[in-house]
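These are the structures, in structure tokens.
Each of the next two complexes has chain A plus one other chain: chain B in the first, chain C in the second.
Right after this comes the complex of A and B.
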């Protein structure tokens, strides 16, 4: 029976909107009394990306608890099943997903990210007729979707592709310089990707668009993935100091080591990094060395009033150092799918193309405001739109957030886009 | 230019010191026992986590954490002998080398997963580390790098002294040269094997602390040093200790210069190229001797 407390929890924890909608649909349904709906997730719970995998699992658990408290999906509670994708790759990820379907008959798989999969997840989803939502943040999702939209109807990318990091980053640097908040010593930028698709696509996008934004690429240095010995790369940077160092490698522990080693002989360059600084491991390993680092993410929990209840619930449940900014991805993903399944009248099951197709149609049609901002599926690629680089209307695109670590003992500050910013940019302490 | 050159040499020497420490532990066991210890990586990781547990979780001084890492590695080596190696030695001698390799692969996987279950997959900061730098003119020497190089050189000297000047060292060398002959001369071969594994484990423990102080703690921490150590062993000649140390420093410096001159991504391929070249032109390794097996 849905009691008042559970109802309130559903309302508040889900950031209000999702909880209210589901609770309304469940008004006559009796939560926990129906057959469970099995939802799978193939996550890197061990290996180098385990820090993210743990947060993705946390996000799913919190969303499932809130959805179940609000009555589940038309009275059917969600039951989560996690498979470890270890060091990822197409073989491990596809096997993990297939195990979820075979063992639990999951109509939906909500993943975080998995690397090196060549988007094989879309084939597993298509072959089994299930919904698959993921946060790989890859333009190759869009490209693959375009090859056969009918086959890949159930595959959704919960955030904008990584390509948008390129023009977004350059636009941010240009705006910062033109606004007088930072005096660039020259027009040079150094780009440091690591050897993986995500990192290289972003680096290439920055390199290819640099001239349009008035920058000149002075160094393009690909490092191994993972990497932690930055000595020779830092030597090159010190030899020809650029105005900004753009590291598109994204593992938090490696990026923290970059800063520790960079600060033994700092140069007057802004340091921009990709994604990893959003994770607690970056702060814990880097300590005070990370103060001043800028990073961005096209997906992450916004520090606004709307997400406050989610952030508080997350930290209360998973500890003060847990990264709600990462867990928010799968949190929104599960909520979005659960609402779509309820609207469609049933989540369906594997090989039930008709019903699963109805759920997919709702996901394409709905505009969902989650704790990460707005998800609206781009019909051409079934990924989210990116605001402000791709769409000018923030109600129709997910914000590309720029954050700065200003004090390593507290959460990073959101400094752009202006519509969402909570703090102003501060000149990093190593720039004289 | 001097500061650039210095920073490359420092990076090379630091990496070389870490490679050398991982290599010595592996090479010692191979040289004296003919045993490729595939659990060496996990023992290295264990040392790193032991230091973390004592220094960070229990709040004990760094010295205690360091000693704890040595002890944890030594105990792991001792247990490996008692539960696995001793029993395999009692079986068919001809299949010992392959059996022990497979057995230690399993032990390594189990140990790594035990660490994963205990500490979780989140990367952690190794509390035993030094901050700051010694600045001499244009040259900047980070204390952390100096600490690693000094600790490793001191340990290398200790191991060399142990092998050259002590009774235990003589027994190890005798067993390495000819196990049966040593046994006939009254050397307690089984005890030597135990001592070698304890020593190798202790070195792995120290290596775990040193590597994690430059990177981070995570369950797969030991895998990369183990891979590099294996490369050094092959280049030097399996079981050749001084050669392994020379190869570790030489190849690490080569890797650092290649990373600077050709790009960071060419560092590891350059090491593999050297391995292939050595295997073609000197199959027994740069410092190794050809091995003849009588059937």
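Right after this comes the complex of A and C.
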């Protein structure tokens, strides 16, 4: 079968010098003609994660508009192409990415997150010689990268893996206790995941590191996904009250229900939750019951002066209820790749390993400060470094942000890490 | 007259099946030479998996009348068994495929035994419960079984599933053309499954399955052993479904609990319903129609799911026997019409001769 790929391989093999010359001429011509650079994204635009998929798309659109307004990549505007990954999983996501490459010849695919893929995205990127950036927040990215760094050279995870939620959360509790801001009644923690990958991986990471930080897991209970019947779990918690309750289930409506049911007979435990409290639905459903809840994220728009312009543009373009905290991920991802492509001299194209390799090398070398914090690729796993748990220098790691809902009528407050914090931790109203 | 016509019609149907098969084999061989897109080839591979699973669900429900909803659970069992053998014992994927399929057979026989005293909707309820229990047991498995690098790995793979346990070896041998190799393997699997299904359906045991479906009381009275037949159909169907699960895991180099989702099961059932439940070619036709429709409606955004729903609903209302069933009706109607025309011509010519 003689096809485009076979021709390209033959062409490179036939005469590297002539090929390089032609490729250079072609690139110059493309830049002169302002031929668009096609960038793909495989996002969950339908199914249960569609709300996040839409925000990821918004982030890409805003970044593309800004990059194009600034002149594009060496004069070439970015043209975005989105593929729906529906309910996600290895089959749907890999096919969506392959479609982007086949149909639009995309040299880069910037994804948000896709669940249940077992990082097959890295194989698609490797097979097609493209750059793939994603925010799956998985340690399995690092593990897969380690198996063959040469093959997976183009795969980047834009945030630290979920593994860091474990030590990060425990370190936060320990610091809070040691700093005298909170007096832990005992050393017990209760971990409550729901039956899904994200939730369980984080719960396991916390459980596995608990002893190292001087905590003892008194309850580890997996609840159904989704769930709003918290009665049995709350009964166990009330029977043996821990110092902190860590809920890694992430649906905002269910988490709000947890707080409503918890406050009917509260215990002296801190409540830490995962992801859901960052969404407007959590505040809307929970009302005043959510005041005092802590949550964290290893990726999200920082509420600082640097990101102010982004936040304002985002809300102006996509409405006052849009979640810039989610869109910021792909926004930074596209900006980071576009800068690297410009430094490398050309974005390259699929199967052009030499040029795409140059872009990847710049992405590994560059330290990029975006609206989410600092991206610096950990060479061992090609994910972002996590500050402060993994690196002590805030200019070289993405901040693991801890936020607290202090007043349900306003945005949550950033209470850690200290260098980024805008507000101090407040003891939750139910703790006497 | 009737006895002389019957063998002719049977051999005519077999001839038609043979012709269709030859055309399909020709198209399957030509496809990689005509298609340059990895995406299209990838979709065809995925469609072949769907068609294989649907054909085995059709054997179970369409030909034997057992309304099992454990089809994706059996598929997943085969995939998980293959992946676990490779992951824990370091076996080559090819060596693990057959034991994986056998494990799926054992699992299916247990399901079959549990369903033995049940019929109709109760079989559906029990098999669905088994599939959902399997899903929950996997995703709630949080105990660390083994450490892989910095990852705590559960016995069943937990909510993450298994990855990097090996592949079909095509990347190593065919390099950039590995997908063509995987396509050839999966197409062969589909062909073997269809040939085996055809032989079973046309054999005496296939007739026993049909008899039990049409009139269980009468079939048992005539000596058909319901116990044996039901277990046999569960076992046969599970072997090919489990084998397909193993190939699926090897093709994607990953298997996770997401495969047990209701949407996957519903898509397989929709394929069989649209194509024609109880017809040999129904699952293949259903796969082509639904995968093609899904592909054509890709640009329709949120209307895509609605469009697929409409196709399924219209198919149930307008074509209760599915596309193949409707096509069969059309062929019979045309035959009757041509037969009637032939008889009337004969009458006319006789009359003319009489004149």
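Here, the second predicted complex is superposed on the first by the 393 of 432 C-alpha atoms of A that agree within 3 Å, B and C clash if a C-alpha of one lies under 4 Å from a C-alpha of the other, contacts with A are read in each partner's own complex, and residues count from 1 in each chain.
Going forward, a residue touches a chain if its C-beta (ideal position, glycine included) is under 8 Å from a C-beta of that chain, and two chains touch if they have at least 3 such contacts.
Predicted, not measured: the structure shown is a model, and the values here were computed from it.
*Asks:* Just checking: does A:54 make contact with chain B only, chain C only, both, or neither of them? Give me first, second, both or neither.
*Replies:* After superposing on A, A:54 lies in contact with chain B but is clear of chain C.
*Asks:* Applying the document's definition of touch, where does A:195 land relative to chain B and chain C: first, second, both, or neither?
*Replies:* both
*Asks:* Please indicate which partner A:117 is in contact with in the superposed arrangement: first for chain B, second for chain C, both, or neither.
*Replies:* So A:117 only meets chain C here.
*Asks:* Figure out whether A:349 sits in contact with chain B (first) or chain C (second), or with both, or with neither.
*Replies:* After superposition on chain A, A:349 lies in contact with neither partner.
*Asks:* Who does A:222 touch here: chain B (first), chain C (second), both, or neither?
*Replies:* both
*Asks:* Pick one for A:146: touches chain B only (first), chain C only (second), both, or neither.
*Replies:* second
*Asks:* Looking at the overlay, does A:88 come into contact with chain B only (first), chain C only (second), both, or neither?
*Replies:* second
*Asks:* Figure out whether A:46 sits in contact with chain B (first) or chain C (second), or with both, or with neither.
*Replies:* In the superposition, A:46 contacts both chain B and chain C.
*Asks:* Touch check for A:101: first (chain B), second (chain C), both, or neither?
*Replies:* Only chain C; A:101 stays clear of chain B.
*Asks:* With both structures superposed, pick whichever of chain B and chain C touches the larger number of chain A residues.
*Replies:* Touching more of chain A: C.
*Asks:* Common interface residues of chain A with chain B and chain C?
*Replies:* 45-46, 195, 222, 224.
*Asks:* What does chain A use to touch chain C in their complex?
*Replies:* That would be residues 1, 3-6, 9, 45-46, 84, 87-91, 94-95, 98-99, 101-103, 115-120, 123, 127-128, 139-140, 142-144, 146-147, 163, 193, 195-201, 203-204, 207-208, 220, 222, 224-225 of chain A.
*Asks:* Sort out for me which residues of chain C touch chain A in the complex.
*Replies:* 32-33, 36-40, 42-43, 46, 136, 139-140, 142, 144, 148-152, 158-164, 176-178, 180, 252-259, 261, 263, 298, 301-302, 304-305
*Asks:* Any idea which chain B residues touch chain A in the complex?
*Replies:* Those residues of chain B that touch chain A are 3-4, 7-8, 10-12, 14-15, 113, 116, 120-125, 133, 140, 142, 214-216, 218-220, 256-257, 259-260, 263-265, 267-268.
*Asks:* Of all residues in chain A, which touch chain B in the complex?
*Replies:* Of all residues in chain A, those touching chain B are 45-48, 50-51, 53-54, 195, 221-224, 227-229, 231-236, 238-239, 252-254, 256-257, 261, 264-265, 280-281, 284-285, 287.
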